[in-house]
Amino acid sequence: MAQNDLDELYGNDLIRDHNRNPRNSAKLNSPDLVADAVNPFCGDEAHFQINLDGQGRVSEVGYEGVGCAICRSAGSMLSEVIKGHTLEGVEEISGLFQDMMFGVEPSEEQAALLGDLTSMTGVRAFPIRIKCALLAWSAIEDRISEHQRRQP
Amino acid sequence: MAQNDLDELYGNDLIRDHNRNPRNSAKLNSPDLVADAVNPFCGDEAHFQINLDGQGRVSEVGYEGVGCAICRSAGSMLSEVIKGHTLEGVEEISGLFQDMMFGVEPSEEQAALLGDLTSMTGVRAFPIRIKCALLAWSAIEDRISEHQRRQP
Amino acid sequence: MYDVKKIREDFPILSRKIYEKPLVYLDNAATSQTPRQVIEALVDYYENSNANVHRGVHHLSQEATDLYESARVKVAKFINAREPEEIVWTRNTTESINLVAHTWAQEHIGPGDEIIVTPMEHHSNLVPWQKVAADKGATLRILPLAKDASIDLSDIDEYITPRTKLLAMVHMSNGVGTINPVKELTAKAKKMGATVLVDAAQSAPHMPVDVIDLDCDFLALSGHKMLGPTGIGALYGRRELLEEMDPFLTGGEMVLEVWYDRATWNDLPMKFEAGTPNIADAVGLGAAVDYLQDIGMENIRDHEIQLTRYALEAFKELEEELEMFGPSDAEKRGGILSFHTDAVHPHDLGTFLDRDGIAVRTGHHCTMPLMRSLGVIASARASFYLYNTEEEVDALVDSLKRALRYFTDGAK
Amino acid sequence: MYDVKKIREDFPILSRKIYEKPLVYLDNAATSQTPRQVIEALVDYYENSNANVHRGVHHLSQEATDLYESARVKVAKFINAREPEEIVWTRNTTESINLVAHTWAQEHIGPGDEIIVTPMEHHSNLVPWQKVAADKGATLRILPLAKDASIDLSDIDEYITPRTKLLAMVHMSNGVGTINPVKELTAKAKKMGATVLVDAAQSAPHMPVDVIDLDCDFLALSGHKMLGPTGIGALYGRRELLEEMDPFLTGGEMVLEVWYDRATWNDLPMKFEAGTPNIADAVGLGAAVDYLQDIGMENIRDHEIQLTRYALEAFKELEEELEMFGPSDAEKRGGILSFHTDAVHPHDLGTFLDRDGIAVRTGHHCTMPLMRSLGVIASARASFYLYNTEEEVDALVDSLKRALRYFTDGAK
């Protein structure tokens, strides 16, 4: 049983792959937005650079994560799924992801938005690790709300 | 039984008398020594003025006590027994009194030095009240050791 | 139906004997007794879930964290805070108030500013402001005392002015029982732009307290006075204030990132909680809050009003001998009877009552200036709680009568 | 004979199952487990003797005061303080250190002065000094780290100089287990006229600690790491220093006389203990000290040395995969094994071990700068106490082996 839990999390191909080969790992020079977060309780870090296109959509992302497999893979997945979305859209995905992590099953349409992140449901069996999955999102969310406050 | 305890304390003629008619209640003007103490936990106060004669013996005492029967009567008794003694002698009596309060029976000779204070043994049945009996002494002791430090 | 007999069964200590007499515990304003539900929460914590919180990935650490943080939610709901992050754990009311004095006040009190307190503050809500005023060149002003030991409000507008930067006031006086018009005074102070701190050490345990309704900025309470364990208290602070405040104690838990030469701060409420917290006692306080809310704060208040009314009536027999402090209307006061006689010092009275198994407090109740204003050095104080009964009031009055006789003419 | 089986029976939580596996609790550096003797002391206090201390004349108040003050005597004897007045109750080590930073340091640290700390300080003995240094224009200097995570003492005389006003150092590192030469460094610092504070959070629970032998001025410890309850700690201070220090928190208990506009301070140790103290947990810590002394601190230290030696040997099987931090000689370190692998993040390792019932800590252990110096962000840490066994070490090593296989090639 315990082993099953572990397999569902660490045995998941997508998670393993994102952890070992994080996407968008090239750092962007002079990005439009920079987002960073640290988990005070473990020291894990997530760093993002984001470029927006003329319509305010995420066009390019740079991501570096330091931390555990869950934190790193969640960050890498995030860096993929936000592309092409406006900041409002990114916030919506963030909300869906949080809901999912706390037990709400996404609809098919929502699952499409979440992309590889749907593979993160295995973390639910490890409640204390949920914040590892959310670290990257908290970085992005904080930065977006700050950005929006500045440009009313 | 409880009643007996109380009687041994509050029924004691000497204690009652000292409480109601404190000795040496006239305040001394320009005394050689002034000693004051406050019990922080109840606000009771003891105030002494002391004059010394040519041989350094206590010649006159002024005493005012604000507080409970034990505190007031112990202070009044103290104001009597220290007369005629040097400050070293006063410290010795203080030590005897403390010993007595914590259970050491005074010898006949010591009892003579303690005078009316021997009536205070009834307080022992009320350990929390022992500090009421000691307040006056703590005032005097602090003041003596300060005095001695200043005149080496 | 309020079943005081059933309630008493929850408190193991109430079946103790003192000098072969049943304990009559009337020292609740000093500290309350502990129901087995709270004791069991402590035992359960140590026997099953003990671990350090927040930083562990192992199972026990998660259990401990869940228990600990859910206690915070309980306390937040108990005083109707908007969110649990507005609750900072402290040791007691005293530390809660000191926290504000060491952080908020350092930034917001300056030369010429005025801090207003009531004439009946506990030392814990007076001495910290003396120091702030002295350090900052501000003035500490004391509201005047009315005859019945309430605040004299006649000149209130001369006290609460635009110079008022802080109004710090006790909700229910532990010295004399008076319940102060905290809501009205808060409204007045806020109109002048002042910040308001409420010392709820006595009110939170005994009556409904609602920080949104009171509209105060800070509120302090102690667990040990509301059926909880010793060593745990709370500071409520409005989020905006807590956010902008500097931290108080520094070290583990309250930091985000640390280098050898600098550090950044964690989010609320951890920013104010340095070091390993008092986990078990927070959990215990959570259980105490559950217990209180099961019975209902309104019901507890009603019980105490009835008991106080009964006691005030019974004390009439002694009105020649005893001077009673505080408002005579039981609705305007807590279940705290403070009284004095010139014939017997309160300590001697207390010792007599103790031999009858009756625990009252005697002394200045950490309100020396108030006592001085009332013209005494000390008083005797009987204070009630949800488990006290009319029979216990009878026992008190009976013992007092015998004591007065004993100390005046009876003895010998 | 050291009977670990008998000792284990005193700890109810050790018979818990986690995911159907027996709990293997190896997170003792974070917090220790609680023997029934301590739990019983708490229960007994609340069921029989609960009352507020110092100010009451009634029986319960006296019982509570006696229990509370005798716990202080026990802690004083435990660390060989000259008198109980040199023990100030605090919440934890963090508050103890902050107390010194907020009082003594305010008077004694000035521009150009130097505060020296080791490179392995817990945030609680680092961040408070950062603030003091910044506020006072003093310099915080960090001793250099040697290869084996001990202090590099080669240039020590360039650090400890007449400019040194305070040497604040951890006795046993919670991050890597190193035991520092506290006595030697204290002697050196005192020769320069410096004051010395020892963070004994990890040492006091695990080895004999003697403040007279160490000759330190201040020493801080936490009850929850030495079998005691959460929420209680102590600061030892030499009487002369405590006497001349200003108070820290103000309010009830710590005052002698109070007027509306001023106050005077109570004697030691009350001067530093504002408000109702954590009575029950002080009593609980007293029971923990009794328990530790019944077994004997030397015996506990010996047991842990043996266990550490056994573990260091067992870990040799993993020496290709795991980097181990700290001295390799079990005599020079506490029972704390801190290790790291690039292959698996400590958290993932911790989660795997947890599913085997094994509780270890993973993260920075509130020593972020030390971790950075060691070139990692986090480590996994197994820390032992008097109740741990060689079988538990075997279980740890076995689980680690499987984890490493699982995360590298084994999984899938």
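Brief remarks on what is shown
First chain written, first letter: the chains are A, B, C and D, and each begins at residue 1.
Quick note on the criterion: a residue touches a chain if its C-beta (ideal position, glycine included) is under 8 Å from a C-beta of that chain, and two chains touch if they have at least 3 such contacts.
Note that the structure is a prediction, hence the values are computed from the model and not measured.
Farthest chain from chain D, judged by C-alpha centroids: B. Chain A and chain B have Cα centroids lying 77 Å from one another.
Chain B and chain D have centres, each the mean of its CA atoms, that are 45 Å apart.
Chain C and chain D, compared by their mean Cα positions, are separated by 32 Å. In chain A, 41-43, 126, 129 are the positions where the chain touches two or more neighbouring chains simultaneously.
Among the residues of chain D, those in touch with two or more other chains are 19, 55-57, 61, 255, 257, 347, 351, 362-363, 368. Judged by the touch criterion defined above, the protein chains form a pattern that is neither an open path, a ring nor a star, and not fully connected either.
In this structure, the chains touch in the following pairs: A-C, A-D, B-C, B-D, C-D. Listed in rising order, the residues of chain D touching chain B in the complex are 54-57, 61-62, 65, 255-257, 266-267, 270. By the touch criterion stated above, chain D contacts chain C in their complex at residues 12-13, 16, 18-19, 23, 25, 27, 30-31, 33-34, 38-39, 42-43, 46-52, 55-61, 91-95, 97-98, 102, 119, 122-128, 130-131, 140, 142, 222, 224, 229-232, 249-253, 255, 257-263, 274-281, 347, 350-351, 353-354, 358-363, 366, 368-369, 372.
Within the complex, the chain D residues that touch chain A are 19-21, 344-348, 351-352, 355-356, 362-364, 368, 371, 377-378, 406-407, 411-412. Residues of chain A that touch chain D in their complex: 1-3, 5-7, 9-11, 13, 16, 41-45, 66-72, 126, 129, 132. Of all residues in chain A, those touching chain C in their complex are 38, 40-43, 126-129.
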